[in-house]
Structures are given as C-alpha cells and as structure tokens.
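In the two assemblies presented below, chain A is common to both, partnered first by chain B and then by chain C.
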Partner chain A sequence: MRNEISKNDKNAATIKTGRRTLPDKCFYVDTQLDFGDYSGKKEPLFTRELVKLCVTNAIKQVFGELGSATVVDVVFLDQPTRRIILRCPSSFYVKLHSSLTLATHYEGHECYFRVCKASSTLLSLDCNSRLYSF
Partner chain B sequence: MNTVQGFCDFNIPFRCSPTTTLREVVIRAVKLGYGAIAINTTIEEDVLITTKKKSNKKGDAIEDKKEIPPPPKLNFTQEELDSFKVHGKNVRILHRLTVMLSDPTNTQKLVQSVNTKSYDLIAVCPTTTAAFLHAVANMDVDIITYHPIDTKEVRFNRRQYHQATDRGIFFEIPYAFMLRDSTMRKKIIQISHQYHAVGKSRNIIIGSGAITPMELRVPYDVANLGLLFGLTEGEARSALTLSGRSVALHAVTRKTGKCVSFISETDKLGPEERWKAQEIADAEERLLGKPETKKMKMDSDTVS
Partner chain C sequence: MVRFKNRYFTAEIIPLDNGHTVQPLNLKTYDILKSVLATTEQIHGEFGAAAIKNGLDVKYCNESTQIAIIRCRHGPHRLLASSLPFLSSIGKRKVQLQSMYTGATLVKCYKFLKKFHQEKMNEALKMCRTEEEKKKIFEIMSKTKYGL
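Presenting the complex of A and B:
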C-alpha cells in the first residue's frame, strides 16, 4: 500500500514537469594499477577474480567486515595497460575510492591504485572535459 | 613575484627510505601533477637543548654540539629538468624545517640560529599539550603537524584553535602514515576528526610524508581522502591548492615583514595613479618647503 501511494506521487511529478531524473544506481570507477618504475621482478597474474579479491581485501582493511559487505564488480580488465573498471553502488563510492587510495599491495607486490576517472555512466569515462576540443 | 601554483605537497621528508633516493621521490611527485613541493628536514628536540656544562678537551671531541642543519641541495640532470617542463611548467621546490617539540622552553635556539632563516617554511610538531599551546599562541611558525607515533596526547579547545587560524597557521595532516599501519591510520583519522569537531576543519593542509615514491598519491585521490578527514569536497580540494598557497605566502610575510611596498617611477604611473605623484610632491613641499616659504614671506614683509 505504501509503495502504491509513492508511485502515484511519482506519476504526479512526471505529469506536472514532464521530466524525471532517475537516481544513480551505480558508480563506475576507472583505475590503473601502477607498480612503480621498477622492472625485473616477475609481474603477478592479472585476472578478474584476483583483482576483485584484492579490492575487497583493501576495503576490509580500511572499513572492516561490515564496511566491505557490498558488491563490487570488475566490469573491464585490460592486461597490458593494467586498466580496471569497477562498479559499485553509488552510495559506496567514497569508501571504495578511499580504500583504493590506501591500498598498497597486490598479490604481495608493492603497488598503488590510481583512480583516473569516476562517473555514474560508463560512456563519460571515455571523454575528458579538460582535453576535449569543441 | 614567486607564487606557488597548483597542487601542493609540503611534506616530502629529506631522510627517505634507504631503497630509494630523494630525487626519485621528487621526480615522481612532479610527474603526478604537484605544482609545489617542500623538502622537509626534521630535527629532534635534542638539537635545540643547549648544554650548559663545561666540557673538557677530550669531551669536546666526543660531544658534538648539534646545530640546525642548512637546507639540503638537490641536483637534477638536464633530462630530468626537461621532463619537468613537460609535466609541470612552474614546479617550485621549497625547503621546510620541522621541529619536534615537547617542552616550550627550548625554542630559543630555533630563533637565534642563522640556518633557520634559509628555510622557506617552518613547521612544528608538538608532542605534548603544553608545546601545542605554546606553538599556537607564541611561536613564529607556518604549519603545525602531527606525528602519530611520537605524539603522546594533545588536547586543545576551540579558542586555542582559532588563535592559530587567526595568526595564519595551518594544521597539517600527513597521509603516508595511513598506508603503513592500521593503528597509525586510526590515530590520523582521530586527529583529523578532532580538528573537525573543534575547529570545523578550518585552515587544514594535507601533506604526504612519503619516504618512497610508491607512497605518493595523485592529487585527485588525496582530495578524496580529505572526505575521510571530515572535509567537504570543496574543502578537500582547497586543502591541496589554496591552503598550500596561503602557507607559502604566510612564510614570505614571516620572513620579510608585515607590509608590502612597491617602488615605481612617477613618470611611468598610469592615469589612475597620477594622483599619487601629486600627493608625494605636496607632501614634500609640506615637509621641506614650508620653513622656506615662511622666511621668504618674512623677507617680503620686511622689504615691503
């Protein structure tokens, strides 16, 4: 009953203004895993499961078990450039970004996650308003 | 004028980890997009304590009187300088001195030493409440830092916090400690929340304190860490840019004095400023010309 009433209100809003903005359900974070300038040591494996494990461990380290109780998905993974696109609920974005900043290890190797861009739509991860020429 | 622009990281320790060199850390900081960095030399408190006992000649050889060291010099190769121009056009590298202070009476040597004046920024890290109160009210510093290991317990209230902010002193939160250990992380979040509760997070600057190049983070990430520290998004951004600029300007005023003076030729003044030249001429007449005119009047009177 409560849901029905709220639906009616929403319809009323659309009838009045003709426009309705959907709340952002999830946030996409474009990160790059950076191992620093050293080379020579064998580089670790790079798969979706390992990355997801590493990211959830990082969140657990900073925010604990309860804090890491959200689903973070790996949407895209590029092995040569080590580019990862993660998806998280939009309310969780600040926690995810800060735990990525504070993460220091991947599979035992020293590294850091560098967040290049973050947005609620995948398409806007591609463009960069600073470099875009009109 | 030498201005500080862009993102600032005013805490890169001179004594970096033995696996890397300071140059690598600085190069990485410039590559990540920082426009101004400061190389931080930390002095322990025993440097400031002056021993009054008379030492024998043998004792002189063993007990070295510790002095405040002069700022270190960095040499870059030509390639590195060229790459600087690509990444950061106007990167400014400043020198900063941090003093670990627990007893407020030890600050005399800091003021007297000649080498102190050659540093651009001066910071203090108070480890006790008494030192904190002294730093906030009396000391001539630019930044008040925090060290999670050495600081025992510091308590302060709103009035003392505002005493510091009114004088233009900034409170620094170093983030590299957060990357190392969970207890240090807890302490840094604790102190940042204390700053927020007491002072509403006014006058906060975020520095790194990174001893390896891997501990440095992109300014975008550091601004997000500011959200963890209780700052809003705009405040976190300005904690990197505007706060750094304010600190650098405060350091300049501390060195030079509390006024600004411009020197320009009166012929080259713009039309809006010509009145200044007229005022100066009038003032000169008033100061020098009046006695003469009086005498002339007297003469003319006597003559007539």
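Presenting the complex of A and C:
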C-alpha cells in the first residue's frame, strides 16, 4: 500500500514538471585487454573489427547462438594502452560481463579482459566521485 | 517446503533417411542424452548445457513407437525446449524430434501417451475391413519393446 501511494506521488510530480526518466537503452563497459607473458612472440593486430570478433566469439562460447543474438559495438579503441569501450543493450550487460570474464583467446594469443568501469552513461566512465570536485 | 520440480518432454523421434534402407532405429538412452547436450551447447552455449545437465535424464524410450520422454529441471526447461527443434541426429542416424506433450509429472505423460496410442489404434482399425486384418494389427501393436 505504501509503495503504491509513493508511486502515485511520483507520477503526480512528474506530470506536473513534465520530466520523465526513460529506462536506459545501452550499457557502456570500459575494459582493458591484457596479454600475459608474450615476450618473444609477435604482438597481434589490434583493430575494431578484430576486437568485436573476439568479444562475439567469447559470448557465443558461453551463451551459444541464441544467447549471442545481440549487437555489441566497439565505441572507442586505444592502441597503445589497449583500452576498449564496448556498448551493449542494457538487458544484455550481465551476459557480456560474464563472458568477458571467461574470454581467453584473442587471435590465437592467450589474453584476459579486465573490466575497469561499467555504466549506462558514457560520460560517467570518465568521472570519478573521488577525484571530481563538485 | 521447497521441492524439486521437473518437466517431462514427450517427443516423437522421426527418422529422416528412410529412402535407402529400412534399418531398425536403435534408440539408446545414452545416445539421446549425448545429442541433447550437444545441441543445447550449440544453441545456448556452455551456460545452457551446464544449466540443463543436473536433472537431465531419459525416462522412457520406446523403439517400436519411437517415443521418448526426457526429464529436465523446472527453470532450465525453457532452454531445453527451445533447443529440441534443432536436434538433427541421434547416434549416427539423421532424425527429427517432434515434441507432443510437456508434463509436470510422469503420470500425466503416461496418461497422454495412453490416449495417443488409443487414437492411433482406432485410426488403424478403421482402415481395415476384415476381422483377420484387425487381429493382425492387434498382434503388431502388442509386440512393443521399450528400454529404460
């Protein structure tokens, strides 16, 4: 009963102000691709298409054909630091994060993805509540 | 009280390569299990295969009527149900699964099967005209061999 009343109040407030919060469409994941000890071996090529292929293969391995039936985009790629920002539908975020944890191969080399930050807004990947001065 | 809930998928196994030779369909429970797990791994990945594996069992497997009942736990049964149409081979035979009934208990599945067989028998009996043909049909239908 209490919840219903508070919801009605919320609706009343939003109708008055005209402001509505829509559910988030995408989730942005800030990751870093790390290789283990690859001293002596040649470094693999690092492009957007190859990264997208690697991530899609990882999702397909863990969740299968039906589970990987979504579009995961590479929004940003930094070659020297190997920093990647991926975008996925917000309902798919848990699957993406778990398959990134279990991803092992990139172009035949052994690697691991380290997820630094994840958020539904791209801007908040840059900010940090400790460092930002309000 | 929390209890284990199951779903029993009753499926008819239709062999697809009957053009060349009419070989007896060697339905073994182990072959069905293996192919179901492989198909689920292909469609839903390692997550799907692992989710299903715990309660997976073939409870009833009848060679002459080509019907099998596959058991699965209640939550992951949707993964199994969505990957059953993609099953294409059991053992070495090319096969197509046609699921007829999904029951929550084995008793309900058996009741459905009894009604199903009764309807099939009535259809077959309608086709024949003489008493001898009817006797023949009864003989053939009673000689069923099923493995557990």
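We take it that the second predicted complex is superposed on the first by the 110 of 134 C-alpha atoms of A that agree within 3 Å, B and C clash if a C-alpha of one lies under 4 Å from a C-alpha of the other, contacts with A are read in each partner's own complex, and residues count from 1 in each chain.
By our rule, a contact is a pair of C-beta atoms (placed from the backbone, for glycine too) under 8 Å apart; a residue touches a chain by one contact, two chains touch by 3 or more.
Model, not experiment: these values are computed from the prediction.
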Partner chain(s) touched by A:Thr70 [first = chain B, second = chain C, both, neither] = neither
Kindly classify A:Thr104 by the partners it touches after superposition: chain B alone (first), chain C alone (second), both, or neither?
-> first
Tell me which partner A:Val62 touches in the superposition: chain B (first), chain C (second), both or neither.
-> both
Looking at the overlay, what does A:Val94 touch: chain B (first), chain C (second), both, or neither?
-> first
May I ask you to decide whether A:Ser119 touches chain B, chain C, both, or neither, giving the answer as first, second, both or neither?
-> neither
For chain A, which side has the bigger count of touched residues, chain B or chain C?
-> B
Do chain B and chain C touch any of the same residues on chain A, and if so, which?
-> 61-62
Per the touch rule, the chain A residues reaching chain C in their complex are 60-68
Touching chain B in the complex, chain A uses residues 36-37, 61-62, 94, 97-98, 100-102, 104, 110-112, 114-115
Going by the contact rule at the top, pick out the chain B residues touching chain A in the complex.
-> 24, 28, 178-179, 182, 185, 213-214, 217-218, 220-222, 224-225, 227-228
In their shared complex, chain A is touched by residues of chain C numbered 40-48, 82-83
